[in-house]
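Each chain gets a letter, A, B and C, in the order it is written, and its residues are counted from 1.
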Amino acid sequence: MLRITGGTIYDPANGINGEVRDLYIADGKFSSKFDAGRTIDATGMVIMPGGVDVHTHVAGGSINFGRARTPEDHRRTHAFIRSKTRRSGLGGMAPTTFATGYLYAGMGWTTVNEAAVPVLSARHTHEELNDIPIVDKSSLVLLANNEIILDLLEEGEDERAKQIMAWYIWAAKSYGVKAVNPGGVASWKYGNDSKHLTSKISGYDHITPGTIVTKYAKMIDELGIPHPLHLHCNNLGAPGNVETTLETMRHLEGSRAHFAHLQYHAYGGDDWGNMRSEAARLAEYFNAHTNMTTDAGAVLFGDTVTITADGPWQHLLYKLTGRKWGNLDVENETGCGIVPYTYRPSNLVNAVQWAVGLELLLLINDPWRVFLSTDHPNGACFWRYPEIIQLLMCADYRNECMANLPLNIKNKISLPEISREYTLYEIATITSAGPARSLGLKHKGNLGIGKDADLVIYHQDKDIARMFGHPRYVFKGGEIVIEEGDIRETPDGKEYLIQPFYEPDIDEFLRPRFEDRYCMSFENYPVEMERIEHAQIQKCTGDDAEDGDSQ
Amino acid sequence: MGGKVTCTLGEVKNRADFIVYWGGNPAECHPRHFTKYTLMQKSKFLPRGRKDRTVVLVDIRETKSAKAADHFLQVRPGKDFELLTILRALIKDQKVSEEQVAETGLSLEVLKDLIEKMKAAKFGVMFFGMGLSMTRGKHMNAAALLTLAAEMNAFTKFVAMPMRGHGNVTGADVIMRWQTGYPFGISLNRGYPRYNPGEFSTVDVLVRGDTDCAFIIGADPGATMPKPAIDHLAKVPTIVLDPHVTHTSRLSRVHITTAPAGIAAPGTGYRMDEVPMPLKPALQSPYPSDEEVVRRIRETIALRPDWMTNQPQMIEAQI
Amino acid sequence: MSEVILRLKQDPVVTLEAEVITPDKFAEMSHEQICESIVYHGKRQLRLDEFFEVEGEKSEHIVLHGDMHRVRHLGRAMTMGSLTAHGDVGMHLGAHMKGGEICIRGNAGDWVGAEMSGGKIHVRGEAGQQVGAAYRGSLAGMKGGIIIVDGSAGIEVGMRMKRGTIFIRGSVKDFAGLQMIGGTIILGEGAEIRTGAWMQRGTIISLKPIDLMPTFGESGVMNPTFISVYSNLLKPHGCELPNDQNLGCYRRFSGDRSVPGKGEILIWQEHALN
């Protein structure tokens, strides 16, 4: 048992805004009483629930492809040295698995959601997730360009498509559904793209990206999946794409939806020269429609590697930069592209992107619906989150940074007119309570009795980036994992998954279609349950079950 | 800078209407490859199967695979890099003269025809084998082919893929990458991963005699490596984990017999396109798996004092 | 002039990584500090004086004696002073070097002056592979300074180099100037194959006939004045380039067209004596 006394608590899930309270921990959960055990004095310190990353890319074929393509970055980054209790690893743009766990925990994040898993290589993703220590994990499976499901929608077999979706989620031992550039990746396999919701998808006559997003959102709601459709809209990164994004949002009225990395989907103009921010317009629509959540996908200046299932966008980026390019198409399901990239403040497009990410975070007024993310590693690496928190909390600092932007950025962004500063309570919401709620992880991002004792204790510090970059303590499951920057313990994290219902005869329906498309045996395709270490199956219902955590 | 543009084998099966084999002999070395993935399969996009595909073989001699191909291009030995580089120039309409092409053993006309076909393809794929990557120029030959495939994407969809040898080479590569950031040629002597093929790759370390012990799993370097490397293996304490007696086990100080992976030991194998396959053992073995042996060795070593003390948890600048 | 003198007294069994042996570090260190500084013998951390007899202290001039072919990273990232070795040295000599001078009276291993940006390295014997090159995956190799090798060198001399000069008096193996971005490579005794492959820019001067990639085109003969200017600049380093039009001329080739690049290869051709 353990007691933490005197800390100032920010626990948005329970409406606690900066109150001094004691916390008790027993058996890895918050407890109402304390009999005996260690006491930690947190007087004068700030306590928040451990961070939850709703959208990151830390494990699986794509990031691992990225690692292979960037040895020069591995060499210039910081290295973790092995010890008897710690594995070695490298940080940087695409950190190795062990380092990923150390770096997330090191800044107080205790749950991460890997947002892009092809079913075909889900086994690989889980093997990597098993090698990420400390944090709890979940993953989303890529289904929006799955040709078997698209074929069924084309044939009007919607119910069957839903069953297959459920089958795939369980086959991948996944936690939800990610849709990337719906239809566009399927077109890319013939070198085309589908940029608008009414665009043709190569190989199909009756369905469009619009059909896919609406039907998918509906199917996911009907299956009672805890996290809504996790959507990477069409036309990512292109000037003028705000129209596509708004069109997508209008398609989804009445359904739940999570819009991933909205920053990349909020541009006006019609070419790179006149690209401007449309964050204000997007935020206005978003504020008025409470069926949606989003994560920022914020950009920070510096080096990174862009990794996405959006193959067409990556080829464009390769042509724009002339840098190294990697692309991997996955049969029947998806693809991924990899291009190292440097965001520069002097580059007008990059400067607009930087501003858009912050504008969305500042203009969306409900912190329960917009979450901190960089779409790691695309906009910036996750270990730079403290810098974004500083930008959100200090208008002066933001203005200082804006002085480095090109002069002709005026009229292209609205950031200079925004004076809002985030409070600690709001930071705790966008980094933890909000994403946990959106993911449907009821025992996360919450310091209430019986919830998982994942929390972070910060020194009060005027230097916000330093404060959030160097927690005094980080607790995971009631155990001190980080103390003043030192990694104390490296427990294995849990992995969350769901088992949505599907008719048992779906196997036999799927088998011939599968064998026609894949070159892997049907039996070998689903990931076996014993492959998942510390698996936690979450309930899949529409109603609010008392405890979603089936132990 | 070029790049690596690839796909899983099912994409080839479903979509590839233009297939190049370069420096490999799949008909004899990967017999199931043609039937399972490439030539014979029909698909939604290629309903007539073989008839909808064009197959080109590039090699230094006419192997059995040539019979299965529509076009056979015989490149002069040691000229693969030159030929690939000429193709990179030609797809960009750069001038290369008839005489310059001639040194590769082919004619400008043949290459122009090849490029026309490549550009006309809807989905092209280039497989390359050891004949390319293990001859003079090695990694640069493979780089030339990968770059050509990447650059072809300015015109149409094109991908490239190595035809790997036997054993779970790809699996080792994949796991090393997620644990260390690098695929092979890694040193951990400083307590963190460092990468430098040529410096840390096994064959170079052994040839230079830079190691005083060797631990070999799932490989038989005693059969394949150059003599100075084998001599060094015989000189230092070499420990081999292998289900069978091998050239390496014969010269080793210790040979631990293990259960054959995939046959009697479970796990994951990674296919040449990095798709993970579950290994479901059909037999039981009286011997422990490689994994178990390594784990027990590790546990024993962990009881001994650490040789790396006073090390920081993390360093900012690597060597 | 004070010096720190190191004499190898015990041969390393495996590689000895000794990046601490640089003028920048020794300039500040007392005799005791030098003796106890850490070197890596394989995975083991040992004191430098387990391998070397140490003489002198606090000097930016280092002199080494012995067969150090297993000793790696000498002069790493040095910015000043001098390092002189009487004997062979191992890999990564002067890698990331920014200034100062290295002289090796023996042979050097691979990666001499890799990714260096300033200073001078002179290897009196032979050098290994990747002289002045980029490490795997890096976008640029050597970015400044000068490397002179009196003997021969291995493959990939000046791979992806951006600026600076490499002069190999002897012959080199394949891929000299591979993916070169800028700078100058001078080949005294020619090269094996694929010289200048995939080069974007930069200049390779060969004083002996060499085979070229089929993706280079000939663009005339010349006795360019910049060769004479260059020759004068290099003279203090003991290199001279012929440019007497009575004796011969340079055939100029440009490429690599596969990139397409604007690099140039100049090959000195003596007039036939009739």
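Heads up, the rule we're going with is that a contact is a pair of C-beta atoms (placed from the backbone, for glycine too) under 8 Å apart; a residue touches a chain by one contact, two chains touch by 3 or more.
Just so it is clear, the model here is predicted, and its values are computed rather than measured.
The touch graph of the protein chains shown is complete. When the C-beta contacts at B-C and at A-C are tallied, the pair with the greater total is B-C. Mean C-alpha positions place chain B and chain C at a centre distance of 32 Å. Note: centroid distance chain A to chain C, computed from Cα atoms, is 47 Å. Along chain B, residues 1, 188, 190-191, 195, 308 each make contact with two or more other chains. Across the assembly, chain A contributes residues 69, 71, 75 that each touch 2 or more other chains.
Within chain C, the positions touching two or more other chains are listed as 135-136, 139. Within the complex formed with chain C, the residues of chain A that make contact are 69-72, 75. The touching residues of chain A, when paired with chain B in their complex, are 59, 61, 64-65, 67-69, 71, 74-84, 86-90, 92, 94, 96-98, 120-121, 123-124, 127-128, 131, 147, 189-191, 203, 315, 318-319, 322-332, 335, 485-487, 516-520, 524, 528.
Contact residues on chain B toward chain A in their complex (touch as defined above): 1-11, 13-15, 36-37, 43-45, 122-123, 150, 153-154, 156-157, 159, 174-175, 177-183, 188, 190-195, 268, 270, 274-278, 280, 302, 306, 308, 311-316, 318. Remark: chain C residues 135-139 touch chain A in the complex. Across the complex, chain C is touched by residues 1, 81-82, 85-86, 88-89, 92, 94-97, 100-101, 103-104, 136-137, 140, 188-191, 195-199, 210-212, 307-308, 319 of chain B.
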